[in-house]
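Scrolling down, you'll hit the structures one after another.
After this come two complexes, each holding chain A, first together with chain B and then together with chain C.
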Partner chain A sequence: MATPVPVLRLPKGPDLNSRGFDPNSPRYIALCRTTLATSEAAGADGEELQQEQHARSVLRERFLRCLLAMTNKKVRFNMHENVTVEATFGSSDIDVLNFQVSDLHTPIGVQKEALIRSQDVISFTFDA
Partner chain B sequence: MVTGLRSFRKRKLTLTAMQREWRACGPRLWLSHVDKQVKVKTRRQEHRGRLLSVDPVSASLVLVNLVEGGAAVCVVMGHAVEEVELLQEAGGEMTAQLWALFEPSPSSSLDSTQTRRRRAAVCSWLRKNRVPVEEAGEEVRVAGALTIVAPYRPEDCSSSNQVILDRVQRLLRTQQERTEASD
Partner chain C sequence: MAMRQTPLTCSGHTRPVVDLAFSGITPFGYFLISACKDGKPMLRQGDTGDWIGTFLGHKGAVWGATLNMDATKAATAAADFTAKVWDSVSGDEVLSLAHKHIVKSVTFTQDSNHLLTAGNDKLLRIYDLSNTDAAPQEIAGHGAAIKKALWCNNDKQILSAADDKTIRLWDRTSMDEVKTLTFDTTVSSMEYMADGEILVITYGKTIAFYNALSLELIKTVEAPAPINSASLHPEKDFFVAGGEDFKLYKFDYSTMEELESYKGHFGPVHCVRFSPDGELYASGSEDGTLRLWQTAVGKTYGLWKCVLPEDLGADNSEQMYGSTPEIKA
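For the complex of A and B:
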């Protein structure tokens, strides 16, 4: 069994409140995006908007139930550069920007608690 | 770009390599793909499975494949999706089976005496913990902000206030543990 070792903390990504950080720069938009907005076409028509909102809530509820089913299970994250890491899933934040995991097995050691950025993850799998 | 969705033939939603296209599709299109077999291509890999849901916030797809002894679930992040291909319409039975894995455990059927007894036990436990409760028929109302329906388990609570919901659920869980411990 791998001995837990302290893992190097990589530099944090851009913060929303940093000085001199341009909200219109492509980096900000890429790393600090928020919820996908409702489509403009739906905004004009009340009924279409209602349908879209209904679809959103059904999809979101199902997705949240999937996340709930994943808590405390062993999850395998497939990341960029063919990196695959295994961890115990904790939770995700509201915008699905970060995942909180425990016992992250990395090539250089086991990190007890970690936050994985969703932009670094391509896909993740688990067995229900 | 997007051809008729009603057809059950192989329908290729060929999007450009720009990940934004899938994300821009919209919840109604995503919902129409749910419960169908799809093939999702990312830059390096291909994933197949039954589409369980698409998160409207991040456009991430949840794919499920039934395997021996359960299901293998794969979530593909929205920003990594390059192409989504609809493979076939799904069978109703398999959907119900898959969904049973994620739905909260169905409420066991209790008869009226057991329900009444359970309700009384829950109310007295909450009152003991100084939580204002009142019974409204078969429901239990807590602090005017939370409702508990039969059979009064933590997952039967509904409220729009996260803090109260969390506290009441914790209390109910503690009560469950105590009952189990004393059995």
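For the complex of A and C:
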């Protein structure tokens, strides 16, 4: 009677909350080129890097505050194929892949709840 | 005492797994990418099956997926009429290449600088990844949707298999058709082994081996059931195949004898591939799972642990499972 080969554990499955690619894994740390434009340039000095990083933090903070300010406001989205729609903004997901909106006005009617793919959006405007 | 194969099931996909590919061996091990009809291809550690990440972005079923040799880039082909290139360390989408129809196959050249795509628009396209604004080179000729396209002969030639029941060999520079193989039925899969220039083709119940340069037949064998995919071991001593009867078959390459068959999947097997070190093979199925199988059953490798007869029955088994908890039909 053959015994089944023992196994240490089962393969780890996907994490339900994120898309993975752990930035703390040895491979990521070794291989992930930093996205700072100055650090890619040869001979980048510490000060330039710092300035760029500071600028990036400021822009990122502004973007996040913008998303906060937009909550429950009427927003107009300019999208590809000359599409412009208006909706009440809800929130964005963590990777900014989708925007959750309510009362989306589309040419075929008003959608009570919808998800807009952020990669389809070119720009959006709202009154603060 | 004989040991019974314990396949490792990798779950996570919610629809059939239609394609999978291994990377080469990198300083961080080797990796596996799976293409799934749920539109979310996944990257896994090749020797354990541990999930690393999911490539998010496709809007339709992903029909083909591949990794470059050092697993830094991934490419996927999907029903949303795009082929995408990804940074497979960060998971970010790097490039999206629009096509005129469903894209079925993607493959990198060895230096990762060019990408070959093919699909239902019956065209082969070569993209220069260092010059993405340039239009791709297009090769026409097939009369029906192309299922698979591969680089061969040191990336100097291209092999393509299509639903017009032909496999064609093309010269990359002149873009001319060099040779054509015609079959009575559609070819279900094609795999190329650079070392030895061997082409593994499956159609109906047949698994056939051809010389990839001359397209001359080396040998064939009939399996017990229609086969969807086959893979030759890097050392060319075995090959494995899977198909419509849900089983995995292992054959001896020299004698073409069927050595073993393994049950485990709950649906037809769509793809099967040997790992670059030949120690395991992975299968993707209609049941939405990937399974990893040992080549040498009982050997310690990855998550499999060899147990000597004296250790069995001792109570030191807090860390080991006798068999993976599987629901038996």
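Everything below uses one rule, namely that the second predicted complex is superposed on the first by the 84 of 128 C-alpha atoms of A that agree within 3 Å, B and C clash if a C-alpha of one lies under 4 Å from a C-alpha of the other, contacts with A are read in each partner's own complex, and residues count from 1 in each chain.
FYI, contacts are C-beta pairs under 8 Å (C-beta built on N, C-alpha and C of every residue); 3 or more make two chains touch, one makes a residue touch a chain.
Model, not experiment: these values are computed from the prediction.
Judged by the touch definition given at the top, the superposed model places A:4 against chain C, while chain B stays out of reach. By the touch criterion defined above, A:96 lies against chain B but remains apart from chain C after alignment on the C-alpha atoms of chain A.
When the two complexes are overlaid on their common chain A, residue A:52 makes contact with chain B while staying clear of chain C. Of the two partner chains, chain B is the only one that A:118 touches; chain C does not reach it. When the two structures are aligned on the shared chain, A:78 is found in touch with chain B, with no touch to chain C.
Once the two complexes are laid over each other on the shared chain, residue contacts for A:66 go to chain B alone; chain C is not touched. Common to the chain B-facing and chain C-facing surfaces of chain A are residues 95, 97, 119.
In the complex of the two chains, the chain A residues touching chain C come out as 2-15, 19-23, 25-28, 30-32, 95, 97, 119. For chain B in complex with chain A, the touching residues are 23-24, 26-28, 30-31, 34, 42-45, 47, 52-60, 62, 64, 67, 70-77, 79-80, 101-103.
On the chain A side of its complex with chain B, the touching residues are 35-36, 39, 42, 51-52, 55-56, 58-60, 62-63, 65-66, 68-70, 78, 82, 94-97, 118-119, 121-128. Within the complex formed with chain A, the residues of chain C that make contact are 1-6, 8-12, 28, 42-44, 48-57, 72, 89-91, 292, 294, 297-298, 303-307, 312, 317, 319-324.
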